[in-house]
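Chain naming follows the written order as A, B and C, and within any one chain the residues start at number 1.
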Amino acid sequence: MSEDKSPITTPGKRELTNKPRFSDKVFRGVATAGGLSSLVILGLILIFLGYQGFQVLRSEGFGFITGSNWQVIQDNAGNTDLSASSFGIAAMLVGTLLCAALAVSIAVPISVLCALYLTFYAPQFLKKIMVAIIDLMAAFPSILFGMWGFFVLMPHVEYWAKLIHKYFSWIPLFKMEISVFTRSPFVAGVVLAIMIIPIITSVSREIFSQTPLDRVQAAYALGATRWSMIRAVVIPYGKSGVVGGAMLGLGRAMGETVAVYTVLNLVYQINWHVLIGAGGNVASMILLKFGEAGPTETRALMAAGLVLFLLTLLVNSIANTIVSRTGGKGR
Amino acid sequence: MNNSNQDGNDDMETKATPSSLSDVANANKARKQPGSGALGVGLEARSIHAWFGDKLVIRDISLDFWSGTVTALIGPSGCGKSTFIRTLNRMHEFIPGAAMAGEVLLNGQDIYEQGTDVTKIRLKVGMVFQKPNPFPSMTIADNVLAGLKLAQLKTQNKDDLLEECLERAGLWNEVKDRLSAYGGSLSGGQQQRLCIARSLAVRPEVLLMDEPCSALDPGSTLKIEETIQHLSSTMTIIIVTHNMQQAARVSDYTGFFLSDGGPGELVEVGPTSEIFSRPKDIRTENYVTGRFG
Amino acid sequence: MSNLTLKPTKPWKRTPKQQLLIAVNLLVAAAISFVIVLVTPMKGKLAYLLLFFISTIIVNFAENYFKSGIAAAKDSIATSFATAGLIIVIVPIFSILFTIFERGRAGLNFGLFLHDMKSNGPNDPLGQGGLLHALVGSGIMVGIALLISLPIGILTAIYLTEIKGIFSRPIKFLVQAMSGVPSIVAGLFILSAVVFPITKSSSGLMGGLALSILMIPTIARTSEEVLLLIPNDLREAGIALGGTQWRTISLIVVPAAKSGLITATILGLARVAGETAPLILVSGGGDAVNPNPFHSPMGSLPFYIWKGFTFGTPESIARSWAGIFVLLSIIFLLFIAARTLSGSGEKK
């Protein structure tokens, strides 16, 4: 093949790939097509939601994300007047982030402690049972959390909220102008926290149990107590995995619809005070408005869905990158 | 059974090149006077049995370890040497299903007695593992001083302790300029000496070494052996090794373990030179002469 | 050497005396918290629990500090916190299970599985009507989702573990990203891509499509883990015998992973069986049994529960709880099936 006349000739590489047979070619093609389906589906979600929401997004521009007004104005013929109507989801976005952040900050310490207990403290039989129960809890439908939260948990959480208000109202986050404690972002945050505890616990437990045994033993051999071993060995090894697990929980909490819908009083204004019974959440807003929405408003809801999709996609991608980078690496 | 038959004085040093294992051991023994620099007391294992689940893995092992001596435990793999030394600082109990019987006396006190604080035992009986395992999230200096932090011990002068431990482990000259580098940046042999230095920082009376050189190249092995000989005057060292030459080079006493399919047992123990030159048991002789194992 | 063989002991286990000491510590802590609640203005269950936790920590800390020093004392604090973490996780789980049992009991009767709601309103007495339509609908929609997701999920897993093509890394990443898609977005997508432009009406098929978007990543990820556990020797043996890759995978690798793949499928079913939001959007919810997924709205268990809850009368809410009881029993059975299968797979 080569016409090279140089004095030193290294032999050309021989072809080692054996040609796949026809059946293999077909098989590879089918499997590749199956594999690419996730790409296709994600792409289609992006395209269709974008296509449906395009009109509204174009007319609102950045105001869709920064504005907090959701007003459908109809002209005389009963058609929606797009230029007069305004669609902005800032209040809902803020509410989504607030509830999700609250949920994560409640769930992470509890989950990490629970994961530590299961990995390093629990007797074998208890560990097995609890791991199974927590896995089952992760599969509880969200409507169950919603109804349980509404009927059982909410009265307790309101009481906690009143206590927090009584002693910590000097913190801006816990200020109250109107004393309505029912169906507040705080309640939603607690319910979401309980929903994401199984996720964060099982990711953390998985990471903790991968802590290299030789390091654990080295710490014990140096006279470490269980806690000083955990601090010196397990936490440095597992902390980024825990961060990844927390981000996965955050993504789940941000996209949650039904559970939040049942325990949160959706009010269309930006509210940073978590104890006041007025909050927002993009996903449950979509569910709430969808029933009565006309064609244009539905398009606006599609646009809101697109924003939510992109947001959760971003959070989940970061989370998965962190988790997969932690697994099996030295530190 | 016990290696109590110490000879006071031995033959003078011979510079002749050792031609056999027993010669090496003889030469080695000559350099050393067992019991010198002794604290007078040491570690005694009394009738140790160990189980994993229902399986008895070592049976009835009694051994005394004297201060200022190096004892090597040799034998084919699977004969329970490692299990045995892990009972000596209570690392055995980390394996699920583990059980044991017998006593381990440290300075006359049973370390398995009810109410004993196990962390205090492990401070007095340090351990170096087969694979070097420095903490990768800590610097070299932090690694050496990790034991102090882990056991919440106070020390007056950390820098002196750091230098002393690294010096004793034979690593000071190599790392003194990069104490704030991470432990993982060292070579395998250096990492193992770092682990030795780490064990020394809590001032143990006994140092257990579980095949410390099996993952290292010959050059690093030599350095570790030098370190062991250096350390042996001030503490009790127990080393498990597959390598008979190593046992002959570094140890004062040697115990030979063997398992005939069942639990591992101690076949013979004695001064290293005797084990390698005139073993009493035929199985020991077969092993040290390389007929099996 | 003595011939006496000793009994195996575990001296590191807690002795009865030590266990008694732990109990005494807890009692002392309980007494302290009781006294504090009695003499200070702090009142209520919450005060008891918090004070009990704090005094347990203090009592254990003191005991360990005087016995073995500061390191052991700090260790005891960590132990208390870790145990508290476990308890805080357990309490809601048991509260949820207890609530379902307690509130679901009233609405449970055998007629639930025989009748639908076409001639009954949600406000009717509990003995009337049933959730047959919801069960049938859920079964059909989850079945459709399974038909779509199973081949795609397993092919994805095969692509990731067996073909290992150039797209492996991005696809792995995308599958993970897909498992985080909010369920309402799946519903909106089917609305925007199929319902609005093509069918213009909600039906069971649409529900199945929306569920499959949520099911594919679960099946793909679990199957991938299962296939990765199949030892490479098996593949090499197949190739070495002259088999094509297709034959090796279909005749050796997949059968070897069979129980694991079934587990993956069951977990996928459990994941979507309770999805509510997308079904509200795309499948509508009839009150009569509708076996035709291509025509007219179709009821489902989550929708049945949702409808009862939003209707808001005591009877309708009791119906919801009974529905949740049935739904969770199904999920629970699926879970047990998955565990049993993967357990028996591991032993082989």
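Basically, a contact is a pair of C-beta atoms (placed from the backbone, for glycine too) under 8 Å apart; a residue touches a chain by one contact, two chains touch by 3 or more.
Because the structure is a prediction, the values reported are computed rather than measured.
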item: Chain separated most widely from chain C, comparing mean CA positions; value: B
item: Pair of chains joined by more contacts [C-beta pairs], A-B or B-C; value: A-B
item: Mean-CA-position distance for chain C and chain A (Å); value: 16
item: Cα-centroid distance, chain B relative to chain C, in whole angstrom; value: 50
item: Centre distance in Å when chain A and chain B are each reduced to the mean of their C-alpha atoms; value: 51
item: Overlap residues in chain A, where contacts from two or more other chains coincide; value: 225, 228
item: Per-residue overlap in chain B, given as positions that touch at least 2 other chains; value: 119-120, 150-152
item: Where chain C touches two or more other chains, by residue; value: 71-72, 74
item: Residues of chain B touching chain A in the complex; value: 89, 91, 94, 96, 119-120, 122-123, 126-127, 129, 131, 133, 135-138, 146-147, 149-152, 184, 195, 198-199, 202
item: Footprint of chain B on chain C - complex, ascending; value: 1-2, 4-12, 15, 17, 67-72, 74
item: In the complex with chain C, residue positions of chain A that touch it; value: 20-21, 23-24, 26-28, 30-39, 41-42, 44-45, 48-49, 51-52, 109-118, 120-122, 130, 132-137, 139-148, 151-153, 159-160, 163, 194, 197, 201, 225-228, 230, 248, 251-252, 254-258, 262, 283, 286-287, 290, 301-302, 305, 308-309, 312-313, 315-317, 319-321, 324
item: Touch list for chain C against partner chain A, complex; value: 44, 46, 71-72, 74-75, 77-79, 81-86, 88-90, 92-93, 95-96, 99-100, 103, 151-152, 154-156, 158-160, 162-163, 165, 167-168, 170-171, 173-185, 188-189, 191-193, 196, 213, 216-217, 220, 244-247, 249, 267, 270-271, 273-277, 280-281, 302, 305-306, 309, 320-321, 324, 327-328, 331-332, 335, 339
item: Residues of chain A that touch chain B when the two form their complex; value: 124, 212, 214-215, 217-225, 228-229, 232-233, 236-237, 330-331
